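Labels run A, B, C and D following the written order; every chain starts at residue 1.
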Amino acid sequence: MTADTVPSPVRLKAVAGPSQPDATPALERLYRGFERELLVPLWTEIGDLMPRHPRSKAAPHLWRWDRLVELAAEAGRIVPVGRGGERRAIALANPALGGRPFATPTLWAAIQYLMPGENAPEHRHTQHAFRFVVEGEGVWTVVNGDPVRMSRGDFLPQAGWNWHSHHNAASAPMAWIDGLDIPFSYYTESQFFEFGRERVSTAEQSTPERSRSEHLWGHPGLRPLSQPDSPVATPLLAYRWADTDKALADQLVLEAEGHAATLSPGHAAVRFTNPSNGRDVLPTIRTEMHRIRSGATTLPRREVGSSVYQVFEGSGKVRVGEHTWAVKRGDMFVVPSWQAFSAACDEGFPGSLDLFRFSDAPIFEALHAHRTVSTEFE
Amino acid sequence: MTADTVPSPVRLKAVAGPSQPDATPALERLYRGFERELLVPLWTEIGDLMPRHPRSKAAPHLWRWDRLVELAAEAGRIVPVGRGGERRAIALANPALGGRPFATPTLWAAIQYLMPGENAPEHRHTQHAFRFVVEGEGVWTVVNGDPVRMSRGDFLPQAGWNWHSHHNAASAPMAWIDGLDIPFSYYTESQFFEFGRERVSTAEQSTPERSRSEHLWGHPGLRPLSQPDSPVATPLLAYRWADTDKALADQLVLEAEGHAATLSPGHAAVRFTNPSNGRDVLPTIRTEMHRIRSGATTLPRREVGSSVYQVFEGSGKVRVGEHTWAVKRGDMFVVPSWQAFSAACDEGFPGSLDLFRFSDAPIFEALHAHRTVSTEFE
Amino acid sequence: MTADTVPSPVRLKAVAGPSQPDATPALERLYRGFERELLVPLWTEIGDLMPRHPRSKAAPHLWRWDRLVELAAEAGRIVPVGRGGERRAIALANPALGGRPFATPTLWAAIQYLMPGENAPEHRHTQHAFRFVVEGEGVWTVVNGDPVRMSRGDFLPQAGWNWHSHHNAASAPMAWIDGLDIPFSYYTESQFFEFGRERVSTAEQSTPERSRSEHLWGHPGLRPLSQPDSPVATPLLAYRWADTDKALADQLVLEAEGHAATLSPGHAAVRFTNPSNGRDVLPTIRTEMHRIRSGATTLPRREVGSSVYQVFEGSGKVRVGEHTWAVKRGDMFVVPSWQAFSAACDEGFPGSLDLFRFSDAPIFEALHAHRTVSTEFE
Amino acid sequence: MTADTVPSPVRLKAVAGPSQPDATPALERLYRGFERELLVPLWTEIGDLMPRHPRSKAAPHLWRWDRLVELAAEAGRIVPVGRGGERRAIALANPALGGRPFATPTLWAAIQYLMPGENAPEHRHTQHAFRFVVEGEGVWTVVNGDPVRMSRGDFLPQAGWNWHSHHNAASAPMAWIDGLDIPFSYYTESQFFEFGRERVSTAEQSTPERSRSEHLWGHPGLRPLSQPDSPVATPLLAYRWADTDKALADQLVLEAEGHAATLSPGHAAVRFTNPSNGRDVLPTIRTEMHRIRSGATTLPRREVGSSVYQVFEGSGKVRVGEHTWAVKRGDMFVVPSWQAFSAACDEGFPGSLDLFRFSDAPIFEALHAHRTVSTEFE
């Protein structure tokens, strides 16, 4: 393929503005030369490429959980699961990203659905992934031979290049959400994939209450001496809801006693971390659980990079840029880069608004490009 | 903007393949539901999103230096330089990336051109940048008030968020190349920009032989105690050709004496590094100089991530995937992710083939996603 | 003070050996000159200074818990606790270290004893410390205003330069062990100390079941977002026995199921770590709990650096260099640098041998001087 | 050896002071019990062990170069060099450290002397070392087969566990100083040693102007791609005086032009660093060169840890704690931990006072125990 034999994809037009050249015949000749040689001047593009601050191509958007589950259940009836398609996963497609299955420019978010007795076949890929369970139970994810139970509130990180499969050992279908860095690795062209066994062994299809990873790594501040270092991603394959719930409740208890423990009044939050080094569970994805007390509102913030939220429990209002939505259990929404965000739990709600969040912040932190600021809504 | 009021950007069609659902009316209804709700199934997309190894959307391509300089010189005659357009920079547009000014999915490469007496106004941006001078002299880049001379063979890194401007103090035009991570920060939506002064002070327009950064940091293995840490990017603003040339020559001398000093027989190489921590000069861009002795050929390799090369000196042949090009001084070409690459210096050439290279490898190393392998051309 | 006015502390004698000079009058004159000028030749000292491997000046030694408690209780009756003496702590003095209160060249180990109603006054020091409770309860340690309960099996790290005091809120005396890096900081001359308040506030004298640090940091893999980084030492002030016991039991359960989880058959072990970064709880002291199943023996090892052990529970035999001791609850012993060590739980013992260990390994790891090897006893 | 069969090394006496027990017969019995059981109470030792700030056991002291050289030359005449004694090195013995060959509690400093044609045999040890040449030339140090020239002003780091020998290829004797961490590794009991070949090969006895390490690593900011990482210690085996001198001169040039480049007016300084990571050349020893302009005085400082200085050139006055000494070329002196230090170059001296310094600061930085403050002399 050369510039001579195919039409150039470059199309240039003179534009008006400071330090822009006059639209003369000479300029036209110059621009045609640029097109022929596959060149584009900075001076016509700088406003788009180098804005004063991030202006996301992605849009804030809300997906309702009942609609997601309804369509996933219908897929459960008519779409098979097996080698080739690999997973019955249905991804959120940000309305401003051209119909691609990208929740944000960097993040994939999908609902996955498995019918009773079904198996999603083993494979591995360099994309990093996690599962989060907003409701249901009965599926085990087998990671490198270690079966991990999935129940409501559980968070299961899944670092790249580990073999994994899913099997539904229950008598009912089960849905959960998958988060991955598929768009990021797709855009940066850094992904590898391999098929595994068609079916894992019977022993690996067992349904233990706790995975081996939890036996080894699930004790606070205690490192098993027999295990190697895990610098890249967490060796702990499940973070159980009982622990997460207790950690959030403890912060609100301390706050009530007058101690500094919350991010702002009524806003408790924990990050899921690699117990071997305290860093994010995955190199490219940050995951957190936020609890907003009845009547409380989080401080509006802007942050470089994008987030996807799922309401785990409760009823409240969230603001994203110019949008305000009333949300409830299971609803998912997107916060694009540098758009202001806050969330509020309904006054008088008998409980709290619990939000699961994942974001691409570790990418920017690793590259020293992360920024976050307090802000206000107009 | 909601899914109800605008046509959905999602368009789904049943496809054939293993574990694909039959194209029934039920499936059609399901897919229409997906479109309405802004959802895309994994099973129709997995081949594109999760390939066995990176398959770059970008194409290998070669730009000839004489054509670049010719068009840049014409731009010098008819396009002004000043606030708004900011720079007379003309970017390589990869033919397979839709006419965008992106040499690769992550890297920007441009020729910049400044007429005698011209000033490119001061600004700063979070995008990381560098200049490399394949020929000419007479321009000084002023970085945070420190004027840095630009001469043939010099490499000038320019970390993000530092104020900088250029002024041509000579009586002839000067061209050089700019490399930046504009596509990466554009795609990940993490960029900030600010305008600086319209014109730097007279003192800053001086033309010293060596910058202050070189006085402080340009001595091998010697750290100035008065200076703060520079963990993010290099504090040394110029890497002079005399040093680079000597380092490459020294490797070939050692090789000739029978010592291990080169990457492979006849292939010397250095990386430009931050003297304060030995890491890449910029968080997102790796920069190297390679010297291939007359008659030698480098070992073919594949690497995650993309590179742009410029021939600094010599005459040789380069292979990129299925392409083979004869190259000479100033020519620039692109190696997309995971495509095989090697270079050879012409037998009998009285000198060596010197290649300047920049790549996005630090991004992948920071995220533990880097891979490189020896390979063969078919 | 000069070499002229006081007798020189240097005393040199000719020694026999390879490459040693003859004991001539000329050599005598030379050695007298060395003494006058405060000089010592390497050639007479090299065997001691540069051995083939570490030959510890310290000796293996065992202290019996019943004797320690008996003497501590007597001290409780006749030695006051208060400002000046600061603590009723009685340190193990290695028999080969000249009567100094040093268990090993780098580690301090003491029994501390507090009578009902007593207060050990607040102070802080740069020496790192911990408490470990082999029996009893009723004392709270107040760290920067956060009261931390001390009960059997609990481990309380105490990073340098934090204010701390102890108060016995029970009606019985309580003993526990203190570990510190006093000898190391004494020898390297790097220590600072400050007195605090004579008595902490009433609120700080409260006796909560869990400290604030546990509310915030005591949840596996969950980081409280409101808290700052703790790179130097652990922010978690108590590691409870219930967690430690469960972690050790879990390893033996996995081993029984055929999985790799123990260091060697029947030998489970955990390290107490900083949950914010997975590193040792203190920069200079490593702390671990080891469980040896009935009938099992650990693999003999040598390690650079020294350790102190306390038997937490069980009955067994330990070998240190040329020594073998039968040990039981509370007994403490020292393993000097590079001496072989193993431990065995008595066959038929209805339980396991649980050993608490602390060592100076982080010092050597930080300086890249750590080594450990498998070995055999002669 | 047990407490029963040998006299206890512990000797306790009641002392007076706040919170000290009365010297009653009961206390006497208690202290005899402590002695028998090898125990020492904290309350009698705390003042010595836990001072308010470091109070060094070492004394400031000055050794005159002419006396060092005179005695070393005499040793050259009557003490052989060879296997067993290993080196003709004569160490500074701090007058307050009991006649041991320790310049400070952690640092060894010696003058080494080699006669024409002599060879110091090959060995290796885990102790880290360096050579610094205040005058003379003609000796090559062979490090892992790479011969390194030694000339006035050159600094040669020698990381632990590398084979090395010295040979004098000139017709005159040569003296230089060795610095090592022998006292630190002796006290912490972490040292290993091995003998090498009796005589290195003829090729290794060559006398090249530049070592292979300099060919590879001696270019500012340029990393040879063929070489592995060197995280522990520097791969560059010689730092040449021409570079060091230029770096110091450059700082004073910038200062004269009004730029921030010196530590204080007239006080330039560089640290010798590992070019592969910018850290200290050795894990336990920091090395620096300081230049004080005629008439200038450095700002008095205290620092945790100890230093040894050698005057490289010039004439001036140094203050260490309560001492003030006039110093000239070659003189060596010790600054103990936390003692105030400053240096001044004589007014009107036609040049500068150049001081080579080494210290144990990396030990404290690695363990987060480093502190330094501005201070004043009384």
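By definition in this document, contacts are C-beta pairs under 8 Å (C-beta built on N, C-alpha and C of every residue); 3 or more make two chains touch, one makes a residue touch a chain.
Keep in mind the model is a prediction, meaning the values are calculated, not measured.
**Student:** Touching chain A and chain B alike: which chains?
**Tutor:** Under the touch definition, chain A and chain B have no mutual neighbours whatsoever.
**Student:** If you average the CA atoms of chain A and of chain D, how many Å lie between those two points?
**Tutor:** It comes to 53 Å between the two C-alpha centres.
**Student:** Let me have the rounded angstrom distance from the C-alpha centre of chain B over to the C-alpha centre of chain D, please.
**Tutor:** 44
**Student:** Please give all chain pairs that are in touch with each other.
**Tutor:** Every pair of chains meeting the touch criterion: A-B, A-C, B-D, C-D.
**Student:** Which stretch or stretches of chain A touch chain B in the complex?
**Tutor:** 1, 3, 6, 8-11, 17-21, 24, 26-27, 30, 33-34, 37-43, 45-46, 49-59, 61, 63, 67-68, 71, 74-75, 77-101, 105-106, 110, 125-127, 160, 182, 184-194, 231-232, 283-284, 304-306, 336-338, 360, 362-364, 366-369, 371
**Student:** Quick one: which bits of chain C touch chain A in the complex? Just the residue numbers, please.
**Tutor:** For this pair, the touching residues of chain C are 212, 215-226, 234, 236, 239, 243-244, 246-247, 250-251, 253-254, 259-263, 268-279, 281, 288.
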